[in-house]
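Each structure below is given as structure tokens.
In the two complexes below, subunit A is the common chain; its partner is subunit B in one and subunit C in the other.
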Partner chain A sequence: MEMTGEQLIPLPQEATWRALNDTAILKVCIPGCETIEQVSDTEYQLTMTAKVGPVSAKFKGKMTLSEVDVPHSYTLVFEGQGGVAGFAKGQANVRLTPESEATKLGYTVKAMVGGKLAQVGSRLIDGVARKIAEQFFSAFNKHVTGTAAGSAAGE
Partner chain B sequence: MRAFDYHRPATLKEAASLLRKNENARALSGGQSLIPALKLRLAAPAALVDLGAIEELRGIKLDGAVLTVGAMVRHSEVATSRDVAIGIPALARLAEDIGDRQVRNMGTLGGALANNDPAADYPAAVLGLGATIHTNKRAIAADKFFLGLYETALKRGEIITSVAFPLPKRAAYAKFANPASRFALVGVFVSEGAGSVRVAVTGAAPCVFRAKDMEKKLAANFAPDVLAKVRVPPDGLNSDIHASAEYRAHLITVMAKRAVAAAVAGK
Partner chain C sequence: MNAPVIGQPIKRKEDYRFLTGSGMYTDDVTLPGQTYAYFVRSPHAHATIRSIDVSKARAAPGVIAIFTGDDLARAKVGGLPCGWLITDVNGQPMKEPPHPPLAQGKVRYVGDHVAVVIAETLNQAKDAAELVDVDYATLPAVVNAGDARKPGAAVLHDIAPDNTCYVWALGDKAAVDRAFAGADHVTTLEFTNNRLIPNAIEPRAAVAQYSRGDDAYTLYVANQNPHVERLLMTAFVLGLPEHKVRVIAPDVGGGFGSKIYLYAEETVITWAAKQTGRPIKWTAERSESFLSDAHGRDHLTKAELALDKNGTFLAMRVITTANMGAYLSTFASCIPTILYATLLAGQYTTPAIYCQVTAVFTNTAPVDAYRGAGRPEATYVVERLVDTAARETGIDRAEIRRRNFITQFPYQTPVALLYDTGNYEATLAEAMKLADVAGFEARRKQAEDRGKLRGLGYSTYIEACGLAPSNVAGSLGGRAGLFEAGEVRVHPTGTVTVFTGSHSHGQGHETTFAQVVADRLGMPVENIDIVHGDTGRILFGMGTYGSRSIAVGGTAIVKALDKIVAKGRKIAAHMLEAAEADIEFDRGNFKVAGTDKSVTIGQVAFAAYVPHNYPLDKLEPGLNESAFYDPTNFTFPAGSHLCEVEIDPETGQTRIVNFTAVDDFGKIINPMIVEGQVHGGLAQGIGQALLEACVYDPESGQLLTGTYMDYALPRADDLPSFRVATKETPCTHNPLGVKGCGEAGAIGAPAAVINAIIDALAPLGVRDIEMPATAERVWRAMQNTRELKKAA
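Moving on, here comes the complex of A and B:
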């Protein structure tokens, strides 16, 4: 499945890029994220719990950045193992374009789920993936908006 | 399944306190979604708080212009209740067509609402009748209860106690069911009440919603034909191996027309 979306981030492009690469910010914004660790320039390891309705599955995964074009775009390849629940993998293309003082963040996410989750939840996977992507990008927007407002007030 | 604690409190207060104290405890009502998830190891709560022994969550009451159904009332009880048949026959027929016989004999109204499965039937009736959901803390209007995919306004430790349905002048539910699961690919509940028309759609989107354009047309003239050209746009509708978003969008109009026709005919 594939989904696209857009957010207007009230930060300049450079600052938006830095925030997107800040593990502390990612940890707060990825829904259900428990730990995230940068293991190399382009690799992160994370654990998260995905809770949807009666189901709750813990995923251990890794994210790899590729085709990095600072500060314009990158591709994030992710892969997670959820034990008996199954697995999830996919990639996200993120593009940043300046829009006067702010930055337009566009994303295209492709995701695939396999194993037991896919077997019993096929009718729900699209909705869940869309929800997780929306939650992440809107939490990210809210977080950096709050930070931007805070530092502006502090100056 | 993994080991977990099992509680069967006799009072609502005790149940709420058990759920509040333990973040990983889940309330168990009819168990028709939660137990299969446990069996598949897709959920591993530390404790289950079974609501089955709490007397105040039971019972159906028809009182003047309001039908009140307890949270632990099973679908089969709603389907065969004399009070429901007199007050809101459309609700009895909806309950009669939920899932299969096993699900109807175990599943409960409160459980279905708290779970808020995107394809469940009851949310359409609760939203389509403008019912009020009562909990151990407060009363929540249907319009404020269903927030998103499996998301409701319920807080942790909050338990649905009953649902109060205002009696409509006429109402009906039409569903296009998945032949295997009997879940709604699209289900539409329409009602005409005191000065208001409601159209609630389940199965089509991540969460039940009201088709306001349809409501406007029906408020002027409560007849199936006025909906012929009203389309809910497919953007944001569910798309899966069973049906595309475009197909579901089409089905909404078809099911809404059928529901209005049934309501008009009084069937």
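Moving on, here comes the complex of A and C:
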């Protein structure tokens, strides 16, 4: 699965960067996120519930940041185990560029699922990933601005 | 009761219980104190197991026990065996990697068994399975047969560092090479025979029980051959005395080959039943069936046919790579060899044939026999080559077949088989008449006027059934006998119970076999019951596969019936005060020849069990006889399948408008059951040609077709109303003259469908198309040739 998209975040670049690295904000904005914990400068552990078609699973996972270029870009490698439902893993490349008062956030996500998720969910996974991304950014924009003013321009 | 019974379309006796919900399938078995097993399966195609932590799972509510590969290894539980030894061209035995029922150290396909959780309820077992913490270190995977031997490919087993199980060959290579060198024309094709998933309606299931009182096991299992299951499990895996294990295969809802094999699940729960002291049930979920039932086909083939200028076949050369999956399933090794290469003569006099097969391991589910088993693959090779050769040489497709048909029998092929009988011209002529080939060009023109492309495809197939002469199987590497056993018990009041080693899981044996007995003993079908599927009640049995039931199992029953009649004649002679030589048996009556003195078989049976006036000094009481029958040759059903398709050039959608099958199954016992078997086989063959494909992600090895959303089984509206007929050339070497009909449809149909599609698309320049010929593939094939033409 590959997904690319762009979002306009109604905050300056530095503020956007900080918000993206704020576990409290992430916890609220990642759909289904139950816990998120920073275990080192570059590592997070999290649990989240996700539903792919008929398969609903609680994932235990970790995210690792690399190639961090503050406040311009980073790569996020993630891996989540969903028990008998299978697993998901992949990476996201995130780039921030200023656009007048706001920030343009571009992302490329590559992900794969395994086990039951792949068996029953392969054809659904693109849609699910896109929906999770949309929900995340919509919640994120809403949270950082305190309004529902975020504009979505996902591909 | 005097009307003939053989040849009558009697309604199936078993259908009443199937259709009214009174069947007794494995999952219907519930034993006191029963527990439930759930298997933890690998989500990875290839990974090292670093550790398995079951502590949390063990503490979960309702959990009785959890076992892993280490537990089985400690208990010295063996690996699942392979029943057929193939010898490599280098003279070495094939590579037989260990196949532990629960993975040890490594998992090798998505769905591989890692641990079993046994709990009071199924949901408790599933919940606890979530808590089994397996630490995997993932490894690269290899999925496609064509990639398995490439340098740098992931290696599955230490004993096969090139992922090669064997390289095997059959035929005179030098003669074939010579013939090709002198040929006027050579037709070459390369294709994939697509991997299929069996999809029986009833998923696999097992219930295992251990009785401490008599130190004995009972296993209920959805299986096609309970005696083979017991033999393999006791002798090779669990080291149990065979007489302490009873295997019952009750009503089974379809097998298609997938329930022949000894699988990990029933083996593990049989072992665990003693460990836990509780009966254990396991029933596959549909997802598990997709993942872990043995799959079918999966060949990559390059095939060549050499012809002279008259279109006479001179030689055939076939190079195949066959995907075995991650481990060798019970009969995996013989499918792409013994049941494939030997069929490459087809119905033709091709004098020289050479076939080389390389079997490889990949990170996919094991592959084994699936309806047709090797023979559909062989037929596809032969019939696609013949059709393509006809097109290339400009010879009519029926004519090129006729020119090369075998017409003299018996016929020794260059690939080991001796055909006893057949009449290929007659089946082809009948099929062409039924399919109205004469009117085809007019129909094609009409279709054209409607903007549609119409094509007609031929497939004149042969199969080797009635497996098999045990000594032949043994000389080819078979590790089992392939006889069958039957027992006929005539009760004191004249009704009959027959015990057969041929298991019925949809074939209608309870009716067909009863017709054979009714015919021989001259009694109504209703007075005869057929018992099968229980090692506790039946002498022995090699089971049901390879369309062998009537030819081998039916003959064993006939041999036992002969003994019943012979003994009955002795008893009747005594009762009628006549010489035994003067007693004739005719439709239920023992008569003194040339007189009106007679006794019925019922009277004879009564005398046998109430032997007041009986020759006890010369004859034992009772009327119960058994027989083992080992066939002297294979049987050779053959036929002509003609498929007519119409393609929408805008969408590539192919519609089968007519399908005609004229088959020679030898003598027919019950034409309605035969027709049903043909219909089912055709549906599966058409499924392979147009719809079905098992797909693994080529990099990750994840199964992408794990549901009916993604794996397209044929539905009623994908199929036409079939035109089905039979021609009878009786088999020469069994008393019923029967050949078997279970697999023919699946064997003949794929080539007929693809040949029809190519016939429709040939005017556009399309020469070949891969199965399944989905709308997308057909549309792309048309687009590609259009673009090639534009570019030219």
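Methods note: the second predicted complex is superposed on the first by the 143 of 155 C-alpha atoms of A that agree within 3 Å, B and C clash if a C-alpha of one lies under 4 Å from a C-alpha of the other, contacts with A are read in each partner's own complex, and residues count from 1 in each chain.
The rule is short, and it goes like this: a residue touches a chain if its C-beta (ideal position, glycine included) is under 8 Å from a C-beta of that chain, and two chains touch if they have at least 3 such contacts.
What you are looking at is a predicted structure, and each value in this text was computed from that prediction instead of being measured.
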| item | value |
| --- | --- |
| Which of subunit B and subunit C A:L65 touches, first, second, both or neither | neither |
| First (subunit B), second (subunit C), both or neither touched by A:A15 | neither |
| Greater subunit A contact set [subunit C / subunit B] | B |
| First (subunit B), second (subunit C), both or neither touched by A:V84 | both |
| Partner chain in contact with A:A102 - subunit B first, subunit C second, else both or neither | neither |
| First (subunit B), second (subunit C), both or neither touched by A:M112 | second |
| Touching partner for A:C33 - first (subunit B), second (subunit C), both, neither | neither |
| First (subunit B), second (subunit C), both or neither touched by A:V120 | both |
| Shared subunit A contacts, counted only where both subunit B and subunit C touch the same residue | 84, 116, 120, 122-123 |
| Partner subunit B, residues of subunit A touching it in the complex | 1, 52-57, 84-85, 116-117, 120, 122-128, 130-131 |
| Subunit B residues within the subunit A interface of the complex | 33-34, 36-37, 40-45, 115-119, 148-150, 178, 183, 206, 238-242 |
| In the complex with subunit C, residue positions of subunit A that touch it | 83-84, 86-87, 112-116, 118-120, 122-123 |
| Residue ranges of subunit C in contact with subunit A within the complex | 40-44, 110, 126, 129-131, 287, 290-291, 697, 700, 702-704, 706-707, 709-710 |
